[in-house]
Structures are given as C-alpha cells and as structure tokens.
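This is the structure I want to talk about, given as structure tokens.
Letters A, B, C and D name the chains as they come in the text, with residue numbers starting at 1 for each one.
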Amino acid sequence: MERLRLATIWLGGCSGCHMSFLDLDEWLFELAQHIDLVYSPLADVKEYPEHVDVALVEGAVANEDNLHLIRQVRERTRLLVAFGDCAVTGNVTALRNPLGAPEALLHTIYVERAEIAGRMPHAPGIVPRLLDKVYPVHKIVPVDVYLPGCPPPAPRIRALLEQIIAGGDIRLTGRDMIKFG
Amino acid sequence: MDLSELLAIAEHENAMRRPICIRCCTALGCQSAGALSVKQRLEEAVAEVDRTDIEVLGVGCMGLCGHGPLVRVDPVGILYEHVRAADAPSIIAALDGGEATAPQGDLQHPFFTLQKRIVLENSGIIDPERIESYIAAGGYQALYHVLHEMTPAEVIDVVTRSGLRGRGGAGYPTGLKWATVAKSHGDRKYVVCNADEGDPGAFMDRSIIESDPHKVLEGMAIAAYAVGADQGYVYVRAEYPLAIQRLQRAIAQARRFGLLGAQIFDAGFTFRIDIRVGAGAFVCGEETALMASIEGRRGTPRPRPPYPAESGLWGRPTLVNNVETFANIPPIIRNGAEWFASIGAETSKGTKVFALTGKIRHTGLIEVPMGVTLRQIVEDMGGGVPEGRVKAVQTGGPSGGCIPAALLDTPVDYESLQRVGSIMGSGGMVVMDDSTNMVDVARFYMEFCKDESCGKCIPCRAGTAQMLHMLDLIRSGQATAADLARLEQLCMMVKETSLCGLGQSAPNPVLSTMKYFREEYEALVRG
Amino acid sequence: MAARTFTINDQLISAREGETILQAAREHGIFIPTLCYLDGVSAVGACRLCLVEIEGSRMLRPACVTPVVEEMVVRTDTERLREYRRMIIELLFAERNHICAVCVANGHCELQDLAIAVGMDHVRFDYAFPRCDVDISHPLFGIDHNRCVLCTRCVRVCDEVEGVHTWDVAGRGADARVITDMRQPWGEARTCTSCGKCVLACPTGAIFRRGATVGEMERDRNKIAYIVAAREQRW
Amino acid sequence: MAVTRSQPPVPEQALHPSGDNRFKLLEATMKKHQYRPDALIEVLHRAQELFGYLSTDLLFYIANSLRLPPSRVYGVATFYHFFSLAPKGEHSCVVCLGTACYVRGAAAILAAAEQTLGVKAGHTTPDGRLSLETARCLGACGIAPTVVFDGTVTGHQTPEQVQVWLERLVKRGE
C-alpha cells in the first residue's frame, strides 16, 4: 500500500493540538508505517510541498502569514483537516474579535494598558500583519474534515487517522469524536 | 337613544347641508401638504363673498394622496389637486364662471372609476370628526338593526355567508372566527381591533380611521354583540397621532350619544371601547403579541393553539380582527350577505383596500373588487411608472413577496397571490421600476425583520440576523454560489420553524426575489 | 384519567389525557431535543428544537406545548427535522461567543450536548462575535452574556418558583439580554434573594456559581421540579 | 350603573420626594388606570410625554406605583422603540424609512442628514440641539419620501431640502 504524505500545520493556535498529537505516544510508530511526514512544525521543512495527501491544520487564520500558508496548503493538499477548535471555530484565538479592529486592540494592549512607556509594536517584515478578524479555516478555504476539541484528545486523533488510512468515507459522530472544548 | 332619535339626528344633519359643498381632505397626507390652511382660507373666502349657499367641509381621505392637498367641489364634481391656500378665492370665484388657479384632477380617470367603495364609502365625503355626519350617512342603523332584530347566531350566519375573510393578512374566514369566540366559554369576552398597521408602505387602516372612525366602532359593536363581549380595545400604533385623536373623539361622541357604553339602544347590550396605543413594535401586529401588549407586557408572541378565540386577553375568549374587517361589517349587515358575496372573486369576496405607492404616477388609496388584476391596478389606475418600466410589485410588506412584471395579470385574491409567492397582506402595494435592484429590496425587508424580531424564538432572532449578514456578503461580492444555496436553505428553515408569522414570513422577500430575479443575485456572487 | 394512544416514529404509545407529546415521548424513552424546556416551569415553545412533524398538519409543532391527541401520528426524527435542528444549534453558536474550551460549563452544558446530538462538527454560518458583558457583582453568582442563549429559564424559574421576578429580558431581537432589576449589576439588584435557582436552571455556562471549578458546575436540574412538586403537594 | 371598586392604597414612599409637579400629573394617569399593572405601557407613554425620556429613577417610581418588579418595567420599556431611556435633543428630525419612502430615495436623505449633522441615526448632536431618528413608515406613503421636523410631517423631500433645513437649525445654534 502506498504511504500517505501527511503534513501538520500550525496557524494561529497554542500548539496544544500538536502536543495532543504527540500524546499518541507509541501509536506514532504504527502511524509512521503508513505515512511520510512531509511538512510540520515538528520537522524542519521550509516550503510546503506539492501533492500532500492529508494536512492536519491546527489554529485559526489570524494574520497574513496564516492566510498565505493556508491558501498554499489548500492548493497542494487532497484532504484538509481542520484540526482542533481554533481551526474549526476560531476558539481562543478569536477571543480578540469582539474587541474590534486590530489597530485599536494593539493600542489598548501595548499603549493604554502598558505599565511603563507603552508604544505600538513596529517590526515590518518580521511580525506578520494581523487580519481584521480571526477566521476559522473553513471561512478562508474549503475544509474536508472537522476534528473539534481543545485539544482533540489523542484517541480522537487516532480514530480519525485510522479512518483516513483505511480509506473510504470519514464519519465522525458522538461525544468521543465531536465534542467541542 | 332609539331608532327615531337616530333618524332625527340624520334628518337634522341633512337639513343643514348647503347646496354647494366644498370638501377638503384633512387626512394625514393632505394635512402634511398644508390642507388645514387651505381649508381655513376657503372658509374665509366663502365668508368674504358672503355666500350662505356654500359650505366648506373637512373630510377624510379622497385617495389620491400623492396629489394633495385635494379639494372637491360638489355637486358639480370638480377635483382640485395640489391646492395652495392662495388658490382658495379663485376656487370660490370659479363657481361663478371664474378660473381656478389650482390644477384640476380627472374624476373620470380609472383611478376613480375602477374603484368599488364599500369600506371607503364615506371616506372623503363625511366629516370624520362629527358623529352626526356619520349618522346622516346611515351610520349606526346596522347596529340598531342587529340589536333589535337579530340574534347573535343570525349575525354570525350573515357574516359567514357573506364570505368575508380577515383583511389583516392571512385571510381567515371572519364568520368562522366569530363563531368560535361565540362558542367559547368565559366569564368575559373581548373584541380587539388590530390597528397596529406596521407594514411599511401600507396606510389603509390609518386612512379608514382618520376618514370614518365610527364605521370601525360600529363594526366592533356588532361583533361584540355577536360573540357576547362587553369590552373592546382598539390597538393603534403610536405613529398615527391623528388617527388616535380622531378615534378618541369618536369614542367620546359615541358614548355621549349612548351608542357605546351601557344599554346601547335600550337593548340590554353593553359595550365599551378603550384605546391602547402601541409603542413601536411591528411584531405586535401578530395577535398573540398584540394581546400581550394590551396586557402591558413585552409584545412577544406565544405558540398557538390555544387560539385567542379560546384563550386570549387575560385567558378569556377574544376576537381579534383588523380595522378593514370591522369596517366591512356595517355594510354587510345593511345590504345582506348575498350582496357582499356577489362582489369579488370565487374564494375572496368583497373588496380590498390597497395603498398604492412607490414608483407610480398616482400614489394613494384605492378600493377595488377582489379579482381585478395587478395590471389593472398598476397600469390603468396607477398610471404606470413615471420613467422606465414596471419591474415588480411588492405586496404584503415584509411578509410578502415581489411579483415580477411578467405576472401582472395575476388577479388579486388570497389564493392567487399566494400561488405566485406573495400574500395579500394588509394591502400595501409598492411598485418598483427597473432602476430598483431586487437584492437591495430583499435586504431592505430583511433588515426590517431583523430589527423587529422580538428575540423570543431562535430561528427568527438569529436567523434574520444571519440572513441579513448573508445578503450583505452577496451585495459586497464576497459570497459564493454555495452561500446562495445556504441562504435558501436558511430561508426555508426560518420559514418552517419560527414561532410566529413575523419569522415564518420574514424569508418571503428573499425567496420571491431569488425565484424571479435570480440573475441579480448570481451577478453578484463569486465563482 | 382517560388514556390516549398515538404513534411516534411508527411506535404505538399511550399517554395520559392532557399530556404533551414531549412528556409522553420522554416517558417512553424517545429522545426529542429541547433547550428552553425545563421541568417545573411553564413551557414557552421558543427554542424550536422540539419541533415535530404531525401527519395532516402543514406546520411543524413544538412537542413541549402540543397536547397528545388520540390517533395522532408524530415523527420526531425525519431528515428535515434533523437538518433544521442542526441549523438552529449552529445559529446559537454563531450568535454569541460560545467558547467551550474556556467555559465554566464545559462538559456539563446542554448546548454542548445538543451540538453533539445533532452532529454539529462545525458551524456553517459566520460567527457574529458580539461584544458581551460579564457581571460578577453578585457575591455568589455571575452571569456571562457571551454564553447566554436567551432560553429564559432563569426568568421563569425566578418568577414562577422563587416568586421574585428579579430576572427579565430587556431589548429585543439580537440585542435582547437577560437583566436583573433595572439592568443594574446583579449584586445591586435588591429583589434578588440569592436563592440560586437561576444557576440550577441555566443550560449553559451563562449563569454560574462563582469560584466553582469546571468540574463543580454539574447542576441538578431535577431540583427545580422537585421544589415545585414539594410545594404543590405540600409534603 | 355605578361601580365601586376597591382601589389599592398608594404606598407612602411612592410619592416622589422631588415635589416635581409632573409627578402629580403622572400620578393622575396611574390613578385613572387604577394602578393596574396592565396599564404599564399607557403609563410609560404619559411619563415620556411629561419628562421627555424615561430615567431609571422614573422607572423605579412607576414600578413602585404599579407594584411591578423593576425588571419587568425595564423589559417593557426597552422592548418598544417608542420609549427612550436617554434624553433627546431640543429638536428632532425623523426620516421615514418605510418601503414607499425607501423606493423614492429615503436612504439618500438619511445619508445627507447624517453628513450634515455629523451624527448617525438614533443619535443626538453633541450639543444636544437635535436628535436624528428614523421611522418605520408613518403611513404617509402618498407623499413619500417623508421627513418629520419637530413633529411636523413634510412630504416629497429631497436630500438638499433636508440639508438646508438642518443647516439653518444648526447654524442658528451658533
């Protein structure tokens, strides 16, 4: 059987979903027999490769880098998985949305509420610009599978990956698979 | 008060009439255009020439509101339009062969000749501020007749056989509603007149009350007798101060004449009417919300059943009908069920009053027999659009739909309008020309519904907000074909799951424009 | 009391006279989702989750307020109802900021349970991300409007069971908010007896006991029905 | 037939200490309705007529008098758009946004008014001179588009006319 080209992506999130992925522990060895990890924050790959079979996307789309990357991911991936609550709903990353436009928000945080001599962060070309709002992944590009959870527990990740490896339709139902939070 | 006194009042009133009568419309539209100063100037002009054979009468709506202030000279039958106070002396002089400086209207125009006036029979003719004027036109005789010569069951039978259906929108058979209330048990029963005319673009009820308030009161009293109620409420929206004022005056006069209150016509029948003024909530047009509002609560609807006919105000049987429905009652009693049933269409009897507005030459109020076509109304009576072509006609307000020009031959009756995706509604008819963008129109109505949603049930509260958002995405070019499909799906859900009529019909303007003007949506979506 | 027999999902069921479809269904272990419904207080038919199809009726009917009628044929789980229910739940999630991960009711939340029950793996509508307040002026309890679904269970339990009517709804439509007294901070609402029934009644993490950890937010909703029964039967 | 009804006694503390005559007038309205809770909306109408808006203080006074829970009074007062819980400007300009007015260009009129005044609909100018509002259809569709200046309904309006009227008013204030 052909090995799946798997990627994991880290957008606007806390990396907790990746930690949960690592919680798969020894099952990771079994997984390694079915997949090649072609792109991941856990691996040192600079450019998102072509012809990826499965991408687990952690995090919401919060800045211009996220936006660029997710579009590339969508173009080059067969099965895109919104991986965890931030990717599925915006979740904690989107907590800034009710507070208004990013400039005003940054001003509040870095100037008004600064304890000493606050000033606006300014690092063009280094820190990516924030988008007007934080978006769940499916608002930006089509998503094929949604895996909620903050983070999705390791058994849930395993159950999904097993379905993917087995091929056929993917069906996630019930508390074990789709509970948020 | 007995019949002979009533007839004596009528006789006295008629005897006071002068040979020449100059009628000035004093309803809201003409008042806003300066009708009161016109009337005053006319009175002065009559006095200046010292003519005792002329009288100047303030009357209700003459219909052609867009051409106001309107003045009509009888019996010669001349209509003056856009009258200014300065025109007054010339209008008087014209009686002796002079030239009037105000433009003359054409009373032979289809706008007038195609009308059939039952509800509006006295509008623009009698003085709405004087009960004597209504009595002189035969007013309150139907009530006398009912109280002295008919049993409640007979009254209900007449109304049932007349085929009258509710004029508030849904078209429920009036006789059936009355019979249910009559049959329901309660230590007290109520009659409520729904004058919370909230549909933007509709002003039939306002005009009826401003022009002929006693007719509505008489209709309510007949209904109260038929169903066994002793207390009535008229729920009027606060946006209609003139209507409220005229109604207050009418109730006070009727009470003074013994036509409301205890022992009406010495027939052992007691009926009081109080006014309840709304406070700006469209949803209160829904009958359960309206009742909550009369009880002094938030105007949120509740699930039906139980229907108000069984459990309404304070849990008692309550008859709720709208202004125009009640105004139809005295003529039906006077002329009989067969007469009424002979007018109109197969399943929709009688006439319907429409407020004809929007991009149309002759805006105003018309009353036509059910079954005339939209084309007759828009093109013949309304004179078509001033520039360009008719694109669509919107009926039924935010609950209705947009009917495309291609379907103008649709007859106006409850079923036909429903078949083309709209509703009769309360009678607002807004004409749109080809400069109107239909997605914008859908958005206009959706914003209205979102703002007016009471917030009680989720589909309406959150669904209207979401539909509005999706329309905005479409308008700003950010939506995809998939979004369009999702919007349609959402519309169906809100329509089928909302608690009350507001939510159930909120998607109609979107659904009907998507059906008939889909290309306008598709032009805006990506990919 | 007379019995009524009727059919739910092809299953013949008997009910007592005056019973609602929801009551009868629950007695027979048939699940109909609800959110605004709460045993012990009046039913308002507002959340529309318990809508069912009734043969011969064009309209969908809320099971919580529709009495059983002899020989009525009810369907509770058709494709159409499943789709509508999921959309209703999605609309709720999109309407306010329901962030399960940082919610006190995570794991003990009726809205979360419903999302699972209707198979909601994501929300297809755009989130509104409204700005909502949190009021922790009361020494014992707090209210987080981000989590409120406007079910009015707090309003009804306060009015009908505790009898003080501290809660009501202000505004309308999407701007509606549950309020205490004259929309004062809860801690300043003089009518509040601090009985905590609203905390018990709240289906989500909107009304909570302060200082309680997520694990302690499990609420015994039967308590409300118990209090009502105790009062009516005067034990 | 004379009916004698027992009237609930007016609680002592309900008489407002400020001695404001308007409270006496409000009291008369409540008395006319026999302090019945179902008269709440009528009473709120009268209160707003007398005081211009419904302050929290006033709402408490009404709640006390009609023996209604404060939240119920607040809930009703905020449900209906006609009631205002904040003071209004000296003058008012209401742009009708009913369908007939909309089709005949009400949106442009509103935009012109907002631009002239520098405030959005539903707000009062910072100097308190004028409140700009919108209405849901005044039923004066025959003369659309309609604008109400200080209670006077005027028809067939254009953005320019409205602008001139507002400018005159705002200038006069300077």
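The working rule: a contact is a pair of C-beta atoms (placed from the backbone, for glycine too) under 8 Å apart; a residue touches a chain by one contact, two chains touch by 3 or more.
On a predicted model such as this, the values are computed, not experimentally measured, just so you know.
Novice: Please state whether A-C or B-C has more C-beta contact pairs across its interface.
Specialist: Per the contact counts, B-C leads.
Novice: Quick one: chain A and chain C, Cα centre-to-centre, how many Å?
Specialist: 33
Novice: In whole angstrom, how far does the Cα centroid of chain B sit from the Cα centroid of chain C?
Specialist: Roughly 39 Å, centre to centre.
Novice: CA centre of chain A versus CA centre of chain D: separation in Å?
Specialist: Their C-alpha centroids are separated by 51 Å.
Novice: How many angstrom between the C-alpha centroids of chain D and chain C?
Specialist: 35
Novice: By residue number and range, which residues of chain B touch two or more other chains?
Specialist: 281, 298, 452, 454
Novice: Provide the list of chain C residues touching at least two other chains, using ranges where the numbers run on.
Specialist: Each of 126, 169, 171-172 in chain C touches at least two other chains.
Novice: Hey, which chains are touching each other here?
Specialist: Applying the touch rule to all chain pairs gives A-C, B-C, B-D, C-D.
Novice: Give the list of chain C residues in touch with chain B in this complex.
Specialist: These residues of chain C touch chain B: 44-48, 51, 59-60, 62, 65, 80, 83-84, 87-88, 91-92, 94-95, 124-126, 128, 149-150, 169, 171-176.
Novice: Under the stated contact criterion, what part of chain D meets chain C in this complex?
Specialist: Contact set of chain D toward chain C: 56, 59-60, 63, 69-75, 78-79.
Novice: Give every residue of chain D touching chain B within the complex, in rising order.
Specialist: Interface residues on chain D, with respect to chain B: 1, 36-42, 44-45, 72, 75-76, 79-83, 97-100, 102-104, 135-144, 146, 152-155.
Novice: Give every residue of chain C touching chain A within the complex, in rising order.
Specialist: Checking each residue of chain C against chain A gives 93, 97, 99-103, 106-107, 112, 115-116, 119-123, 126-127, 129-132.
Novice: Mind pulling up the chain C residues that touch chain D in the complex?
Specialist: 164-172, 179-183, 189, 191
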